[in-house]
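Provided herewith is a single structure, encoded as C-alpha cells, for subsequent inquiry.
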Amino acid sequence: MPRNDRNGAVAIGFHLLFIAFILAPLVVVVLVSFTDKGFLAMPFGGASLRWWWAIGDNPRFLESFWFSLQLAFVTATLAALVAVPAALAIVRFRFPGREALMALLASPLMIPHVVLGVALLRFFAGLGLVGSFVALAAAHLVVVVPYMARLVTAALAGLDPRIERAAESLGAGRLAVFRRITLPLILPGVAGGWTLAFITSFDELTVSLFLASPSATPLPVRLFTYIDQMTDPLVASVSAALIAVTAVVLVVLDRFYPIDRLLTGERRA
Amino acid sequence: MATASTSDFLVLDGVAKSYGPVQAVHDVSVRVAQGEFLGLLGPSGCGKTTTLQMIAGFEAPSAGQILLEGRALAGIPASKRNIGLVFQSYALFPHMTVAENVAFGLEMRRVPKPERQARVARALDLVHLTHLADRFPRQMSGGQQQRVALARALVIEPRLLLLDEPLSNLDAKLREEMQVELREVQRRVGVTTILVTHDQQEAMALCDRVAVMQGGRIVQIDAPWRAYDAPADPFVADFLGRSNRLLAKLDGGAAEAAGHRFPLPAPLAALRGEVALAIRPERLRILPAGQPGLPGMVHSRVFLGGFWLVRVETPCGDMLVTVQNTGTPPAEEGAAVALDWDAHSLRRLEAVA
Amino acid sequence: MSASRFAPAALSAPAVLALGVALLLPLGGIALLSFQGFDFDKGIIPRWDLANYASLATDSLFLEALARTFRIAVIVTVICLAIGVPEAWIIHRMAPRWRGLMLLVVVGPLLVSVVVRTFGWMVLLGGNGLINQGLRALGVPGAPFRMMFTEFAIILGLVHVMVPLVVLAVWASLGRLDPALARAAESLGAGRLTAFRRVVLPNIMPGILAGALMVFCLSASAFATPAMLGGRRLKVVSSMTYTEFLNTLNWPLGAAIAVLLLLAILAVTLLWTRLVERRALRRLGVG
C-alpha cells in the first residue's frame, strides 16, 4: 500500500480522542469497582476487592444474572427456530406477501422500545402474565428476531443455490438437502445470529422494565432500579463484571465471526 | 429400454417454457440416441440452460413433454430422476471432502458403506483424483474441482449426464486438456450426455451432434462438421467459427462480384439473381496481385502460432483468410493481392440480411 | 411442484404467528387503549374519544418533553455524523492489523448493556465526579460544574451509545467501495480531501444516511440514557410514557403518548427514505 493511503497526524490524533471518548466510561467503571471506599471513588487512594466480594453477598444480583442467562438462551433459540424457516422462504421462494414478510421481520427495529414495552404490558396484563418468564421471553423474541433474520438471510443469500440443486440431482429430497447441505453451510450465520440475539436479550432493559416482577427480574432491570435508589461501588463491580464477560465473549466471537459482519449482516467487510 | 428404441433414448417433444410474458424456450424437439453426446450451443439467453434445467427437473415445461427411456418425466422431482449434473460453478459441497462429495449421491441411495467406498474409489480413479480424496474443494484448483464434479455426477451411474458450461471457468490450456479427458471418460462410461455451452469450439470438439439455438429455438441440429460446413443460416455460419459473406450476381452456372467472375458448385448452378454466399477463411487462398481472383489489399495480419489470420480489403468488403504457418510470413500489410477459392467451398446462406 | 406452492406459507408460519401475537396484537391494543378514558378511582373507563390526544395537545409538560426529545435527537445525530464518519474513514485507512482491533474497540461497547455504559457517565459527570475532581485539581474557575441532570449529559451519553452505529454503517459501505476509486481520483489530479469529497463521499452516502436515520430514531425513542442522566425533571417522551404507565398509572394517556411517539418515528422514517435516501441512491444510479 502506498504511503499516501495512510492516515496523517491529525487523523491519528482525532482517532485517539475518539477511542478515549468511547472507552472512558467503561474504564472508569472498572477502576471504581476496585475502590476500598464506601462511595464512588477511584482506587488510587486505596484499592481492594471488597466490592467484588460484595456481589457474592448480594443474592439478588446473582439471581438476576442466572435469570437473564436463561432468558437470553431461550430467546435466542426461539428466534432461530422462527427466523431460519422465514429466511428460507424469503431467499428461496418468490411468493405473494414476501415483501410484507420481510417488512414484518424487520419492523421491531423501528418501534421504540418504550412503545413495545407498554403494548406488551397491556397485552400480557390482559392475560395475567405480567412478571412471567413467558411474557419476558415473548417480548425479547420480538426484539431480537430482526437481527437473527438479517444474519440468516445474508447467510442464505450467500449460498449458491446450485449447490442445493446439485444435491437434489444426486437424489437428496428436500429435507435431506436442508439437513445435509443448507444447514451446515448457513450454520456460521445462524450461530452468529444466535450469539447476537443472546447478547441483545441479555442487555435488554426498556421492554423488560415493563414486564418484570420481583420474581422475574433480568439483570439490567435489577441494575437500573438499584441505581435509581443508590449509587455505591457495588454497581461498579457488577457493571465491571458485565464488561469483562462481554469483552471475553467479543474476543472469542471475533475469531469465528468478525464483529462488523455480525452487526451489519454484511457477508464481506 | 424395452419401451423405446435406442435412438429415442431421450425425447424432447415440443418443449416450451415461458416466464410470464417472456418466452424463454419455443417448441424445442430433439431425439437423443443412447450413448450419444449432444451439444446445446448458442449465445447467452438463447434458452439452452433453461432447456437443460427442464430436463434436470428444476423447471417445469410450460408446454410439450420430455421422455426418458420412453417414460414422461413430468411430475418426477429432480431427486428421483437419476440424472447427473455438472455445473459451471461445479457446485461442490464446500463443507465436505472430495470423497464425501462423491459419496453423497450413493448415500442418498442408501448404498451400503463397503460398496459405496469401492464405487467412490473407482469414480475418483476414473478422473485421476485418488490422491486428493481427503481434500476440501477450496484447497483444489479449478480443473481438479471440475473433475470432482464429474466424478460426483458419474458415480450414481446416471441415466443421463447433463453438463452446464462445465469448462468455461478454466483457462484456455486446461480447457483443451479437460475436453480430451471429458470425451474419453464419456466414451468409456458410455453415458448419454448433453452439454450446454456458448463455446462453439468446445461443442465441436466434444459432441457427436450439436443443436445450435437462437432466441429459444433450435435453428440447426447436425454433426458438428456438417453444421460447420453447411450452416443453415447466417447466424449458424457466424456462430460456428468465422465466415465471410460474399454478395454476388448469379446468372446460371457462374457468378460475378465486383467485376470478378467465378464458377459455382453444382447445387447452386440453377440459382439466379442477387444471392449471399458464404465461404470459410481457411478455404480462401491469397495469390499475388494480377493473378486471376478477387482483387484486394492486405489490411492487417495477425500471427496466431499455427496459422496467420489475414484481413483483406476487397470491393466486396473485408475478407478473413487463415494461412497455414509454413515458416514464411504471408503477404505484408498494404500489399496488393488476389483471393481465390474452389467452387465447391461456396455455400449459399438461406436468408439475405 | 405443488410442494413449492405451500412451502413459503409453511416456512413463514412460525414467524408470522410469533410476531402477529407478540407484536401486532399488542400494538393494536395500545392504539385502542389510547382512545379510552381514565379515572383515578375507577381506572380505565370504556369510552371512545380523542380526549387523551386533546389534553396532550395543550399539556405544556408534554409539549416541552416532545420538543426536548426531538431537539436532543437532532443534536445527537449531527454530532454522531460529524465524528462517526471521519472515524470510520480513518479506521478504514489503517493497516489491516490495526483495523480489526480498532473496529473491535469502537464497536464492541455496543454489546455492553446501556445501563452499564450510562452508569460510567454518571460516575464521570457527577457533582463530585471525576471530571469535576479533575477540573478542581487544575484550579479551573467555576468548578465544580453542574453536569448531571442536564441536556448536555443526555446528549453526551446518547452520542456515546449511538456513535458506534454510525461508524458501523459507514464502515460497511466503505467495505463495498472499490479501493481503486480513490486512487483513480488521485491519479487524475484530485487532492486527498477532494478525492474523499467528490468520489468516496457520494458512494458511501447511502450508508451515512441510513446510519443517520437509525441514530435519530433510536435517540428520539431512547429511554435508559435520558432517564439516568436527565433525572426526574428533564423528561423526554419515552420517560413520560414510562411515568404514566408505572407511576401515575394513567394507561390510556400513556398509550396516547406511545402512539404519538411511534407515529412520529414512522413519519420521520418514511419522509427520510422517500425524500433523502432515494435522492442519494438515484445519484448512484440505483433505484
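Note that the chains are named A, B and C in the order they appear, and that numbering of residues resets to 1 at the start of each chain.
Rule of thumb we're sticking to: a contact is a pair of C-beta atoms (placed from the backbone, for glycine too) under 8 Å apart; a residue touches a chain by one contact, two chains touch by 3 or more.
In UniProt terms, the chains line up like this: A, C = ABC transporter permease; B = ABC transporter ATP-binding protein.
Keep in mind that what you see is a predicted model, and the values were worked out from it rather than measured.
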{"item": "Relative to chain B, chain with the most remote C-alpha centre", "value": "C"}
{"item": "Closest chain to the centre of mass proxy, which here is the mean CA position", "value": "A"}
{"item": "Whole-Å gap between the CA centroids of chain A and chain C", "value": "17"}
{"item": "Inter-chain centre distance, chain A versus chain B - centres from mean C-alpha coordinates, in Å", "value": "54"}
{"item": "CA centroid of chain B to CA centroid of chain C, Å", "value": "59"}
{"item": "In the complex, chain B residues that touch chain A", "value": "56-58, 77-85, 87, 89, 91-95, 104-105, 108-109, 149, 152-153, 156"}
{"item": "Chain A - residues contacting chain B, complex", "value": "160, 162-163, 165-173, 176, 180-181, 184-185"}
{"item": "Sites on chain A touched by chain C in the complex", "value": "1, 4-7, 11-12, 14-15, 18-19, 21-26, 28-29, 32, 40, 42, 78, 81-83, 85-86, 88-90, 93, 95, 97-98, 101, 104-105, 107-108, 110-123, 126, 138-139, 141-142, 145, 149, 174, 199, 202-203, 205-206, 209-210, 219-220, 223-224, 227, 231, 235-236, 239, 242-243, 246-247, 249-251, 254, 258-260, 263-264, 266, 268-269"}
{"item": "Interface residues, chain C side, partner chain A - complex", "value": "3-4, 7-16, 18-19, 21-23, 25-27, 29-30, 33, 83, 86-87, 90-91, 93-95, 100, 102-124, 126, 129-130, 160, 163-164, 168-169, 171-172, 175-176, 183, 186, 192, 217, 220-221, 223-224, 228, 237-238, 241-242, 245-246, 251, 254-255, 258-259, 261-262, 265-266, 269"}
